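Look at the two complexes coming up: chain A is in both, with chain B in one and chain C in the other.
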Partner chain A sequence: MTDTVAESIRQDLDQGQVLRTAAGARRRRYALVVLGWLVFIGLWWLLALWVGSEARLPSPGRVFQEVLAILQEDFWAQFWASIVRVVAGFFAAVLIGTPVGLLMGRSKYWSNFLQSPVVVAGSIPGLTYAVMAFVVFGISFWGPVLAVGLIAMPYVAINVAEGMRGVDRRLVDMSTAYGRNERQVFRHVVIPSVLPFVFAGVRLSFSLAWKVGTLTEVFGSSKGIGFQIRRNYQLFNMPGVIAWVLLFVLFMLLIERFILVRLERRLFRWRQWEREA
Partner chain B sequence: MAQVVIKRLTKTFPPPTKGGDPVVAIGDISLEVEGNVFASIVGPSGCGKSTLLNILSGVETPTSGTVSVTESGRPAHLGYVFQDARLLPWRTVMDNMLYVRDDGEAGETRATRYLDMVGLSHTHDMFPGQLSGGMQQRVGIARAFSVEPDLLLMDEPFSHLDAITARSLRDHLQELWSATRKTVLFVTHDVVEAVQLSDRIIVLAPGGRIFDDITIDLPHPRRATDPKVATLQAEILGRFEEMHPAPAPA
Partner chain C sequence: MTAAPVALPEAPAPQGGLRRWLASPVGAQITAAVVFIGAWQLLTVIAPRVPGPAVVANFLFVEITGGPHGGIVRGQFFEHFAVTLQRFSLGLFFGFISGLLVGILIGSSSLARALLSDTVLVLLTMPAFVWAFLTTMWFGITWQAPVLTVAFSAFPFVAINVAQGVRAIAPELRNMSTAFEVGKWKQFRHLTVPAVAGYIFAGLRFAIIIGWNGILLSEWFSGQAGVGFRTRYWFDANRYRGFVGWVIVFIVFIVLVDRVILNRLQARAFRWRDQKEVDFIEIEEEQVGL
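For the complex of A and B:
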């Protein structure tokens, strides 16, 4: 969600500044981002002053010290533990969601059969999955993996089904006319048309999956960012809780911006030239 | 040089609305086309021209009747140029050429040759989205020639283009055809275009029946500006006038 808002603001900015230089537009964009952060930190600082208790709402400075401490301590180990689970869960989601989506997109019969369970699965709150995963696996590596897989799978399936429906009939006919067999059509027409949809599904559910993964770690893990948040909470270390949350958000954004978006741009290089036919 | 034999072919589509009548796209066509002939199929919109080509290429199946497309006894290789370019947007121009017939180095050599012939040698590594509509259509034409088909099917390949581009591509096509002399079935509703390009014009009437079969006896390549072509165009257009008389001048 935050991402789409940011995207639309960026587009508005871009459109308003067609006549100015691209470099100027970029500078202004960054300036706004920095300004946003400053305002946020300023408000937080005022709020902390008003609360007047570092134990209940620590000031930005105090939390910043904590962040530095965590970074020097074991942040990377914890971060790595979390990310491995999220990625493993995602992998499972794509592995199961893709064939389900392919079936749904392929025939009315399967679509009717699978549509409601998938939609229901997609609208169950993440907390439910976190609890379920804990009940099934107890404190384990697999709990968060299961929760992430369950939350992300419907998104992948629905997007793949959507992508299947969008496969261009005319390109399939062209392939038939030139004697391409079903395997070739699947590989060279169906997969490339569906792939952007798979990716959109992954991006959409990524932040959700992260949140659920972390939530599951809160009670079903002995490692990872979620577990660290709980540990600091039990020690009544509010600066620690907030520092971990901040680091969590920051790295989620960084991964999204610098890995997912870049990967998408690179994979779908051809899309930048696509026009309406 | 392929041999196309169509016997008592019909094609009916299910009714577009519930309880409506089925759509007769082709109502009983028998036709033979053979040898290095450029044959055009002309007729008003909806008379089943595209459907006919789709049946010949195996994209659609006949409701009744038979078609056979052979080359000295074996099934013929086909090339197909569509109304729209139908390139895979995620593949470069060269990869699009290789998609339809990939036989390694030979395929690449042929692809290069035909891209050169349509004036697109600089586009090998570009994506379709980077080309203009006319350039994409030229890739579609080069692709059809590059499979070295026994039979070339073309479905109104120039109708989406502006008049100037279309005219230059027609001249291109005349050059290409004169050099290769494939069997061609060329669908159009432009009589003037048909006369410039074809040795034979098969006229379809609404309801998918053959209305007329005209032979054009002029040497190739023919240019649009050739006065002999212009004279024949006027004469044949006149025949169509008789079929659909123009309103008398007031």
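For the complex of A and C:
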């Protein structure tokens, strides 16, 4: 009797040990990541000391001051301008890319027909879209929207086509056998299985589209992050350029990690069983 | 008179053949190209400022053969293209080698991974035009600016792909090789290289696409020669036929290199693999997973 009790206690202890080492490992990893950032900033600082010129490479402290100044000034207004445009661009991309993808996924002929245009559109350098948007719209709200829409569209189309091919044939057959009409099948079978692929297309092109969106703001905008980077570049204000770039990068990483990853998990939740299988 | 009934059943055959050809993959692609050029031509009717296909083709002919564009400006295709190719390959070389080294480091050591992966992620998020601006502010209008723009923008893509490849080497195979006393060199040759080669290739492909965009931007903003510079030259001169012509040149170049040369090379090098063709989009899917 005492043996079994001792045994179970020992087991509990062992389990606690395992949990504690897991937590310890996680803590160690976080510590290393923080250390990584410190090393990054440290190297930057040393390099700045060695260069010794604020106009060439400002120190991290100087850039931090600049970041604070921007945050107090008009950071949110500028960011908001960029966000609205990029989101509108994605909206356009989904609106055009989804039907194209549906067509490609449904018919062999249209798949062949649209294959090359979509592939070529996917490898066009962002500069082209940015300048084209500027030529078409001048300095306007719609330039970045057009550029983002064009750059994200092929990704959405290819993913939707992939999703269409992945629609479970048996589910469609069964729905038809039980007397569901085409519209009901589309609404309740096709759309739920294609929707995650639309999202995947947006997710894949997310960082690329943001880059092209800001590039378009460099050319034809009087607002937004791209415009601010360009303005500081023209004033030869190195701390300003680096501060805006840093804010942009941090913002992107935050969106990527906290919003997109979560949204993805939510949208793909119904496929849990598939992943486990 | 007897010939007529024999000829009749033959008559629809070429029509059916044409229709079948139009429905075939090649037919569909050619139809797409024709529709595209038709739509472009139509666009010039609606918006007269847009240069049509014929005008652009004529421009490209003059530019490539070095004839006069009217006035004193002559075509300068090969001069600018050669300059860009030199800088591009130099930048690609630096970006690829440094990406390879850092990627191997991140992939093989968990300490390096924890320390460096966030830095690489930050570099991955930087738009190429920022490198074009920064290098111009550092070096002025020199050859270093475009070369470094290519190197900086290509580097993180190579590093991340290589790191993923190194991490993907099956530990069971490695343990077994060690247990059966396979030599270090043999392990490297028959285990590490085949496992990582695909990822290195994917990284190289990314580096080429991203780097090409980078050099165009850098030359656009601060070049005195090169493809990007020449594109901007015509843009600033308000000669949209020149602009569109050069845009076509740099798109055709990257599509040829990526889809035709690299795709074939990849298919050849990895034909021993039992897997479908690794597509551009599919590679990127792996990319985002990290």
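By our rule, the second predicted complex is superposed on the first by the 243 of 277 C-alpha atoms of A that agree within 3 Å, B and C clash if a C-alpha of one lies under 4 Å from a C-alpha of the other, contacts with A are read in each partner's own complex, and residues count from 1 in each chain.
In this section, contacts are C-beta pairs under 8 Å (C-beta built on N, C-alpha and C of every residue); 3 or more make two chains touch, one makes a residue touch a chain.
Since this is a predicted model, take the numbers as computed values, not measurements.
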Which superposed partner A:Thr128 touches (first chain B, second chain C, both, neither): second
Chain B versus chain C as contact partner of A:Arg203, first or second or both or neither: second
Contacts of A:Arg29 with chain B and chain C, given as first, second, both or neither: second
First (chain B), second (chain C), both or neither touched by A:Met238: second
Of chain C and chain B, partner touching more chain A residues: C
Contacts of A:Asn112 with chain B and chain C, given as first, second, both or neither: second
Contacts of A:Tyr155 with chain B and chain C, given as first, second, both or neither: second
Footprint of chain B on chain A - complex, ascending: 170-171, 173-180, 188-189, 192, 268-275, 277
In the complex, chain A residues that touch chain C: 29, 32-33, 35-37, 39-40, 55-57, 109-110, 112-117, 119-120, 122-128, 131, 135, 155, 158-159, 200, 203-204, 207, 210-211, 214-215, 218, 229-230, 233, 236, 238, 241-242, 245, 248-249, 252-253
Contact set on chain C toward chain A in their complex: 23-25, 28-29, 31-33, 36, 111, 114-119, 121-122, 124-130, 133-134, 136-138, 209, 212-213, 216-217, 220, 228, 235, 240, 243, 247, 250-251, 254-255, 258-259, 280-281, 284-285, 288
Of chain B, residues touching chain A in the complex: 54, 57-59, 77-80, 82, 84, 86, 88-91, 99-101, 127-130, 147, 153
